[in-house]
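After this come two complexes, each holding chain A, first together with chain B and then together with chain C.
Entry: the complex of A and B
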């Protein structure tokens, strides 16, 4: 077990190393002066430039530069944004909760819809129910996410007028941002008529959540279906059946748990899809999250922000993947034997 | 029925033929295969099929709805946009960009990726470990994010999008090729070939490669679908094909302002994109199914 953990940590460290080298080299690859790109300060006098160059160790060889860069990253000093001229770390802490909030709701919706449907499809393999669920999920899998978002806006916001088009909250309500999570912020604020504000925040959430949840749901259905099919074919199900367990008991006690376990490591793929979809969803619904921030930064050639966003988001993804692997090995004893991972 | 076979010999289909016949018996996949062929045909002969040029503006006919609506005009079958450009022609030329380029990019990525993957799959020890870690890193970054980053370095534009998608797809091919080759190398017939004195190259060429071709084709369909989505998404975000280009994603983002006035400019490119993705995905799925049922 410890060897397994060590190998995973080794993978984590190597991967983070490669990502940080890539992010570091971006500072030199982007057009413009490295000192400006790394610090994010555009209007410098010659004296300030020299001081900053010394401070960032950019006059030294690449190796020294890299370690200085790494040190700054660990301290959380990412420089300034070109466009807003604020600390990138502050900016990031402002946008990150919004993305996490949206993603968590989307993944909850995906789990609540995807797992039961996948289970049902797997149990009724090759029957009508299975075919309907599977075709629907294949179709939903092929709809481009940006088109779904636009269609939902067209239908529910423009034609029916039920739901708001964009943003997180009606502009009438001024909620000070403490945590960045909209519901917690509302709870912390001392605004009148809180139920109406909650309702408004909820209405703003519906369309982005549906848009974002579509792709992960179809993936979950597919994973769960094939996992359930392979579990249903295994020997212990036959044994349980011969012992006389009812169909419901069989599914509740044996199938569900054993089917969910093998798909845990595939959740990494799920989070990757979620991350990509989140960027486009945020763009369509003007949701102030990481994806919107990054795409805006690209429009404005805000190189320090692009560099930092890449570093943090990829590091976060890698971290999540390794964490999933470790959780999976803690829950699933079969994997632990396979120490080489 | 009379038996025409005068030879007392049964014909057994080879593995490729078996996959092919299994694939053909899967009706949705077969229909979608024709759809893919149709898209390829349209992409190849776009200038011959399209009634107008993609850029031709008709000032007397702006924002015409599709011809089946009362206000529509049959000479503009799917309607026109705010500059009076024929939507059908733009969709046809868009097939050339979004669909045709995706096929080509995925093909190039496959050639590079398989070559690198063969190198990685055949090597052992430290070299292979470094390779694995490197590609696992790249694979753990979502493809669209990676493409966006590459576009951010290179600058927006269609050609840079193509490079970005290529760079995103190559590691996926390397990964799947490496895994397929390593699984194949463990099998006994490879050991037999090795005992016969075959060298690494001969084993790779004669034993391993014919057995992983289908896996690679499967990966190719996945890559094409990723490429279509990524090219269209970058076009939509304004980082890929520039405004005015008939690329499907760029067409969508251009029509957002007109969403209330001319909803067909949103729905029809979306439907086209959806059909192309659905057909590619279904062909891939049918192929996977055929391979699976063959091995059973």
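Entry: the complex of A and C
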């Protein structure tokens, strides 16, 4: 077990190293002066420039510069944004909860819809229900997400006028951002008429969540279906059947748990697709999250923000993947054996 | 058991969706307006910019001016100044100021006194005197610099708490028109003093304090600007409580938000969608005459664009007809001169710009431009009144250039980034334009093409010709409009000759709003104003 953990951590450290080297070199590769790119401060006097160059260790060899950079990253000192002239760390903390919030809702929706449908399809293998579910999920899987988003906007917002198309809340509601999570912030605020505000936030959430949940849902359906099929064919199910368990008991006690376990490690994959789709979804619905922030930064050639956003997002993904691997190995001893094997 | 939970969740969600009809009446939407604006302001001080996004967000929302101009008659009305008296020799101007005008009280500043002469002195001295503590806070003061107002005003004196005297270097009848322009918004001297103590001088342009109808609450870049009504406003507080600028750079998105009701008013609806808007019963359009010019500027500092022949040849290679058809959809007039045809200084005698790719190719060859020469076309990623779709315009120009054997690359920047990059002066050509903010015709020439404008960084052709400066100076000092007109015509002929920019179009500008919003002030020579806006 310890060796397994060590290996995973080794992977984590190596990947983070590569990412940080890449991000560090961006500071030099982007057009303009490295001092400006790393600090994000554009209007500097000569004295300020010298002080800053020393402080960032940019007058030293690359190796020293890199370690100074690493130290700053670990301390959370990412410099300033070119265009807003605020601390990048503050900006990040403002946009990150929005992305997490949207992703969590999307994952919940995907789990609530994907797992039962996958189970159903797997149990009714090759019957009409299975074919309908499977073909629908294949269609949904192959349609580009930005197209789904626009289609939903066209139908529910422009034609029917039911749902809003942008942001997290009508801007006339002034909710101070304490946590960055809309529903918690509304609860903490001292605004009147809270039910109306909750409803407004909920309406804003529907379209982005559906859009973002589409891809993970179809993936989950596919995974769950094949996993259920393989479980249903295994010996212990036959044994349980011959023992006289009812169909319902059989599924509840044996199939669900055993079918979910093998697909757990693939949740990492789910998160990866989720993160990329989240960026696109945020852009379509002007959802003020990391993706929207990054894309605007690219338009504005805001190099410090691009550099930092890439670093944080990719580091976050790596962490999450390794974490899921470890959790999975704790829950499912077979994996550990395989690796030792 | 499971079933019960399911039912609970289901009905819970259903309740959330449906209970909208049972809420007590929510007045939030009635008391506020959302304006979908097209970009990020670069500060909240009109003095420091000619960027209309900034002017829209600040000039008439946060500030007031000493005098105001009636948009259609051109008459002057009292603003923060109750009355004014220009001396007979037109060398001094005495202003009597209004009493009991309150500055904004915000989270970041509590004023202790009303507006008085000190505020006027501070506002003007800030950009006028290079020794002033706040002069270096802003990078430039483009409007004042391009008109060289620093040299025009020799002195500003406080005669009493509520009386101010301006003294001019020579007789000046045009100064009132400057005073009424958006750039002359009045700042608070007391706030400046407080910031100086805190050593936070740069804050003055970012967290503004003014006397205007709204005060700034919050600005999040790329997202929104939130204003609240100024409760002690001297003209009476607005009927609205909140005003929010929802920053939405894409025009299609703005339009969609207008249709869904997420915006009450939108800036620059796309010309291509005008017909669609007119069909909608609950949406109204407001228009404003074509007081602007779109042009393609050549960086005359950079070879080969320093050669007149090259600039003329490039202009000759562009088929402007196709631009009118596919970008303006009939909402623009072809521009032969940079001065709009609605202005009395417009030179209508200029021949039409010739479109002749063969001749252009020949001229380019004569100027020793190699085959496969390539240039960059910079294009702002924003809709302006004069450029509803800059990127598409750049693409049309690129295909026209390809026909004469020139390769071009389009570089698209977000608006404030573009302006920052242009200041570095390392570009080939840029699609730009100018919206007039004073009624006088020199407003199309002085701030855009003069040598002073080049220094102030708003002459995007970087073109400086003393002969041209002399012509517009003579025009401005001419005692009668008829004489001035002659000089303006000569100046325009010179521009045609030298072709620092290729004029493209004078475009009508539009504002689309939902019908229940009224009294949004959208008039020529002024930024948008929500002072009297109402919603019912």
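Definition applied: the second predicted complex is superposed on the first by the 338 of 341 C-alpha atoms of A that agree within 3 Å, B and C clash if a C-alpha of one lies under 4 Å from a C-alpha of the other, contacts with A are read in each partner's own complex, and residues count from 1 in each chain.
FYI, a contact is a pair of C-beta atoms (placed from the backbone, for glycine too) under 8 Å apart; a residue touches a chain by one contact, two chains touch by 3 or more.
None of these values were measured; they are calculated from a predicted model.
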* Considering only the touch criterion stated at the top, classify A:153 as touching first (chain B), second (chain C), both, or neither. => both
* Does the superposition put A:198 against chain B (first), chain C (second), both, or neither? -> second
* chain B versus chain C as contact partner of A:299, first or second or both or neither -> both
* State whether A:286 touches chain B only (first), chain C only (second), both chains, or neither. => second
* Across the two complexes, find the residues of chain A that touch chain B and also touch chain C. => 153, 158, 299
* Any idea which chain B residues touch chain A in the complex? -> 28, 133-134, 136-137, 140-145, 148-149, 151-153, 156, 225, 229, 232-233, 236-239, 249, 252, 256, 259-260, 263, 266-267, 270, 273-274, 277-278, 281-282, 285
* Parts of chain A lying in touch with chain C, wherever the complex brings them together -> 42-43, 82-84, 94, 153, 157-158, 161, 163-167, 170-174, 193, 195-196, 198-199, 202, 286, 288, 292-293, 296, 299-302
* To do: Can you check the complex and tell me which residues of chain A touch chain B?
  => 11, 14-15, 18-19, 26, 29-30, 135, 138-139, 141-147, 150-151, 153-154, 158, 268, 272-273, 275-276, 279-280, 283, 294-295, 298-299, 306, 310, 313-314, 317-318, 321
* Asked: Across the complex, what residues on chain C touch chain A?
  -> 16-17, 19-20, 23-24, 26, 28-29, 31-32, 34, 40, 139, 217, 220-224, 226, 242, 244, 246, 248, 253, 256-257, 259-262, 381, 413-414, 416-417, 420-421
